[in-house]
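Listed next: structures, encoded as C-alpha cells.
Here chain A shows up in two complexes: once beside chain B, once beside chain C.
Then we have the complex of A and B:
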C-alpha cells in the first residue's frame, strides 16, 4: 500500500483515509495508556489526573515528589532490592539450562522431540495461578516456600520456555557444516562450541535472556504464593499499592519500569537485526 | 569372485557391518542430544511439573477422614444410610475413641473443617465435642450413643453420619462435584440448589469474557496487522514499536494505567465531562466491573494477536490482490475471497494464544474486576489463601488446566509449538 493510485474512485479514497484513521485510533489505544502515566508521575498533587496547573504547563504543577517518595521509602527500596537480586539469578539459571537444551533439541535425531518440547514449553502455557498454587504446596514441603531460592527456582522455571523458543529459532538457520568444518580442522567440541557456534547463536541467547529477565522482573502471581514478606518484589509492592491504599508513588515506579522496557525493547530489536544479518537472512 | 563381495554385508572401515556401525553412530547421536536436554528436563520436572501434578492430586485425595477417624470408618462401613436408623452403639463408641485420640493430637478441627465443606455445621460439631473428648474414658463411660448426643444434638442426625460415611474413602470425586455445582445426595450425584450454584456461573463467565476479549483483539488487531504488513519496511518498523512497547511493558504498569484512566475521577471521565458528554455528577462507572476487565485485558493481550497475524500477512504476496482485481473482482470480493482466507491461520494462531492467556488471568481481573469481572483464577486464589479449601481449589484448577491443555493441543496441531515467535 504505497500511496493511493490516481485512478482510484471517490469511494476508494474515502475508505483509504477512513482506514488509516481507524488504524491511528487503534495505535493510540495501544500506546496512550502507557504514555499517559509518564506526565502524571510528575504531578505535584496526590491526584491521578491532570490538574489545571499541569494543563497550563505551569512549572508549579510539576514536581519530583513521587520519585523522592520512591527512593526514600524503605518498603519500595526493599522491593527494588529484592527484584534486582532475584531476576538476574533466575535468568542465569534459565539461560544456562535452556541454551544447552536448545542445542540438544536442534540436533537432527532427537527421540521424543515433540513430547520434550511440550514439557519444556508448558510453564508458559499453564495458567499462572495453577503453577503458583502447585509450587506453593510443593515448595512448602521441601522447605523452599518463603525462601530466596524458592522464588529464584520458580522464576527460572517460568523463564525457560522463552529461552528455548528464542534459541531454537536462532538455531533453525544454523549451518551444521560449520561445526563439522571446525571439527575437521582439529577443534575439540568445547572449542567448536565456544568459538564457532556460540558467537552465531549469541543474539538468540541474549534476547532469550532478556525475555527471561523481564518474566521474572514482572512476575507477581507466583511470588505472591512462593515468597514471603521478605521476598517482596517490585510488582508485588505495586500490586499491594493498587489493591489497598493507591498511592501516586506507583506512577513514578510505573514510569521507571516503562523506561526500563524501552531499553530492553531497543536491545532486543538491535540483536534481532544483527542476528538476521549474521545469518544472511536479511537483504542488507 | 565379485559375487561373494556383493552378497556379503557391506563393511565399515573397522570391519563391522556398515548397518550396525551406522546404527551405533545414530544411537550415540541420540544419546548426546538427550544428554544435553537432560539437565533442563530434570530441572523442569522438579521445579514445575511435580508441583503441578502434586496440586492436581489434592483434588481427589481424601486421606484425612480415614487417618483421623480410622475406627469409625471401619465400623461405619456396614451401616445402611437409608435404613432410617442411627448407626449402632459400636459406631458411636468407635467415634468416641477416635475423637479422644484426635483431640489429643489436635487434629479433630481439621477433619471437622474438611467435612464442613460437604455439610455445613459439622465443623462446630467436631470442635465442640473435641473440647470434651480429651476427658472421655472409653471403657468406663457409655453407652456412647446417649453420651455423644447429649454433648451435641448433631450426633443424632443421620445426615451427619451419611456425610462421614460418604467421605471416608481415601479418594473422592467430591471436590470435582463441588466444582461443577453438584453434591452427593441420597441417590448419588445431584445438582446443588439453584442459589448455591456459583462455579458453573463463574466458569461460564470466564469463558464468555475470554471469548469477548479474543473477539475484540481480532477486531482491533486485524487492521493493525494489515497496515504493518503492507507499509514500506521503514514505516512499518516504526509503527511496530507502538505494538512492541506495550508488549514489553510490565503487566502491572498497564493495569495501573487503566485503573487510573478509567476511575471516576480519572482522565477519561475528566475529558468526557470537559467535552460535555457526561454530567459532572453522573460520571461513568468504568472500573471494578466487566467493562473494566475487558478493556484492560484487550489492551494487554492485543500484541499477542497482532504479532502472529502480522507474520502470516507478511507472507501473502500483494500480487494476489492485484490479480483478483484485474480479473474483475471488486475491492470487497478481492479481500473476502482471496486475501482473508489466507490470513485465517494467523487469526487462528492469535485467537488460541489470546484465549489461552485470557482464561487463566489473575492479576488484572483481581485489580480492575470488582465482583462482577473476576475470573475462575481469582476463585482458585481465594480458596488457597483465604478459605483454605485446597481440594476444591485443586479441582477448579484441574478443570481450568484441562481446558487450557485442550486448546494448547489444538494450537500445536494448527501452528506447531516450534513456530511460536516472540517479538
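Then we have the complex of A and C:
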C-alpha cells in the first residue's frame, strides 16, 4: 500500500485500515437514506418499499407516475409556487442585509463588532423551534403572522448568518488599499463599491446567497409557525404528506430537491475555487 | 523650518498636526511648501510621520490641526476622490479583476471620458512606461517591476498635477530599483508634475529629489536639496541619518565667527564650523564625513588642530579604501580614501594624525 510507510508498526497498519472503515461507515450513514429515496421515487406502486419487480430491474416496476402526480396535483403546485416566490425574495433580503452587515462589521472602528456579529449570527445557533416560537409571538403582535411577508422576513433572518459568514470570509483577504486607490483615482464610494469591492467579494456573496436560498427552500419549522395555509411551502406539504397520506410523491419531490441542492452546492464549490484563484492573484 | 511655509507654494502644509489617539502627536507642527513641478522626498525612519503626511495630502487621513492647501485652496474638507491627486501605492494596489488596460482606464471612466479618448490615453500611458504590449494581461501575470510600471502609469494617466508615491520601489530588487528611480525622475520632469515621494531609503532620496525633507519624531528636521543635506546637515539627527558620518563629543572652547574650537572629552582639540552652538562652554557633537578626513599633513593648514588616531582595520573595497580608526576613545571612526595610484594604505596598529578643513566639520547639537 502506498499510503503506509514501510516503517509503520502493526498498530499503525491496523489503525490505517480501521480509520478508512470508520470514514466509509460515516459516509454510508450520511448518504444512504438520501440515495435510497431516489430509486424508490420511480416506484410503480404506491408503496415506500422496493417491489420484487424493482429488485429484478424489470422496467415494469418503474414509472414516473409520482413525478406526474407532483406536477399535476394542485396542492403540490401551490406549495411549489409558494416556495419559489418566498425563497428568492428571502434570499435577496438576506444577501442585501448580510453583505452590508459583513462590510460594516469588517471595519475596525465599529464599536461592539463582536457583540453585533454574535447577535446577527444567532439564528444559526439558537434551536430553530425557539426562533420559530419567538417569531410567532413577535409577528403576531406586528400583524405579520400568517402573511407572505412574515414568512419572507423570517426566512431572511435565517439566511442572513450564512451571508455574513461567507462575505466576511472573502473580506478577510480583501486588500483595502484597492478602495483607497479607487478613491484616489476619482471614484466616489458607490462607484468604488460597485466596480472594485463587489466584483472581488462576489464569490462570497453568491455562496451566501445559495446557502440562504437552500435554507428558505428546505425550511419547515419556522414556516409552520409563522405562515398560514396560504403560505404552505414544499417542505410543509411534504410534512403534511407524511402525516396524512403516505404517498411516494414525497419521494419524487425529495429527489427533485436533492438534485437542486446538489446543483447549487456544485455551483458554490466552483465559485469557491474561482474566488481562491482571484485572491491568489491579488498582488501582495 | 517655520519660514519655509509660504502661501505661494503649490502644496502647502500650514502648521499641520495629526494625532490618532488624541494624546500623542504623530505629526507635530508641520510647515512645508512645495513648488509646482518640484520633486520632494519625505525621508525618515519608520514612525517618523512621513507616511501620515502623505495620507493627509491624499485625503485618507484628516489633519487634527492646521491647513493643507493645494494650489491655493484648502483641501482639508475635500474627500479623496475629489482631490484629483495621483498616487502610487506601496503594494501597487492594482485591481486584480481587471486587465492592465482596464486598470488604466478606470480613472478615465469615472471622469466620464469617451471611449476613443480613453483608449488613446491608456495607450499613451502604457507606452510611456514601455508596457505597450501588456494591456490585455492581468496584474497577476506581471512581474513586480512590471506591476510597478503599471501602477505608475495608472497614477499618471489622468494627468494629475500632483502625484504621491508611497515607497513605490520597496518591493523591487536593487538593480530594478535603481532603474526605476531613474525612470520615475525622468517621467516626473518630462511631464512637469509635482511629486511627493515617501521613502526610508536615503540613496533613493538623494538621487531622485529636488528637495528632501528629513522627518523624525513628527517634525521636519531639515528641508534642503540633496547636496546641502549631505554636506551641511543642520543637526545631529540629519548628520547621522544621511550617509556615513563620524561623531565626536566635546565642549566648545573658542568661538570666533565661522569657526570654533572643540575640546574633546580626552582633552584633544579640533577645528569645526559652529552650526547649532551659540556660546563657549556648550556641549556639542561634531560631525565629519569619512571622505573629508585627511591624514596627509601637507594638505592641511599649518596651524590646523590634529588628532591622534590608531589604525584598527583596513578594508579594501575596490574603488575606495575604508579604514577604521580609534580617535578620542571612539573605535568606530571611519575614513574613506579613493583608490588612487599614490594613495597610502594604512597598516593596522600604526599611529597617525588626522585633521580636516574646518568647514567640513560641523559642531551640532549634543
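Just so we're on the same page, the second predicted complex is superposed on the first by the 263 of 284 C-alpha atoms of A that agree within 3 Å, B and C clash if a C-alpha of one lies under 4 Å from a C-alpha of the other, contacts with A are read in each partner's own complex, and residues count from 1 in each chain.
Just so it is clear, a residue touches a chain if its C-beta (ideal position, glycine included) is under 8 Å from a C-beta of that chain, and two chains touch if they have at least 3 such contacts.
Keep in mind it's a predicted model, so treat the numbers as computed, not measured.
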> Clash or fit: what happens to chain B and chain C when chain A is overlaid?
Replying inline: clash
>> If we overlay the two complexes on their shared chain A, which of chain B and chain C does A:178 touch? Say first, second, both or neither.
In response: second
> In the superposed arrangement, which partner chain does A:105 touch: chain B (first), chain C (second), both, or neither?
Replying inline: first
>> Just to be sure I read the superposition right, which of the two partners does A:156 touch: chain B = first, chain C = second, or both, or neither?
In response: first
>> Quick check on the superposed pair: does A:52 touch chain B, chain C, both, or neither? Answer first, second, both or neither.
In response: neither
>> For A:5 in the superposed arrangement: first (chain B), second (chain C), both or neither?
In response: neither
>> Going by the contact rule set out at the top, does A:195 touch chain B (first), chain C (second), both, or neither?
In response: second
> A:187 contacts which: chain B (first), chain C (second), both, neither?
Replying inline: second
> On chain A, which partner's contacts cover more residues, chain B's or chain C's?
Replying inline: B
> When the two structures are overlaid on chain A, which partner does A:239 contact: first (chain B), second (chain C), both, or neither?
Replying inline: first
> Which of these chain C stretches, 41-49, 59-67 or 185-193, gets into chain B when the structures are overlaid?
Replying inline: 59-67
>> Can you give me the overlap between the chain B contact set and the chain C contact set on chain A?
In response: none
> Tell me, which parts of chain C touch chain A in their complex?
Replying inline: 58-60, 79-87, 89-97, 106-107, 110-111, 138-140, 147, 154, 158
> Tell me, which parts of chain A touch chain B in their complex?
Replying inline: 1-2, 12, 15, 19-20, 22-23, 26-27, 29-31, 33-34, 36-37, 40, 47-50, 93, 97-98, 100-101, 103-105, 107-111, 114, 116-123, 125-131, 133-139, 153-154, 156-157, 160, 162, 165-166, 168-169, 207, 211, 214, 217-218, 220-221, 225, 235, 238-239, 242-243, 246, 250-251, 254, 257-258, 261-262, 264-265, 268-269, 272
> Inside the complex, what are the residues of chain B that reach chain A?
Replying inline: 26, 29-30, 32-37, 39-41, 43-45, 47-56, 58, 220, 223-224, 227, 230-232, 239, 241-246, 248-261, 263, 265-267, 270, 299, 302-303, 331, 356, 359-363, 366-367, 377, 380-381, 384-385, 390, 393-394, 397, 400-401, 404-405, 408, 412, 417-418, 420-423
> In the complex formed with chain C, which residues of chain A make contact?
Replying inline: 175, 177-178, 180-189, 191-192, 195-196, 199-200, 278, 280-284
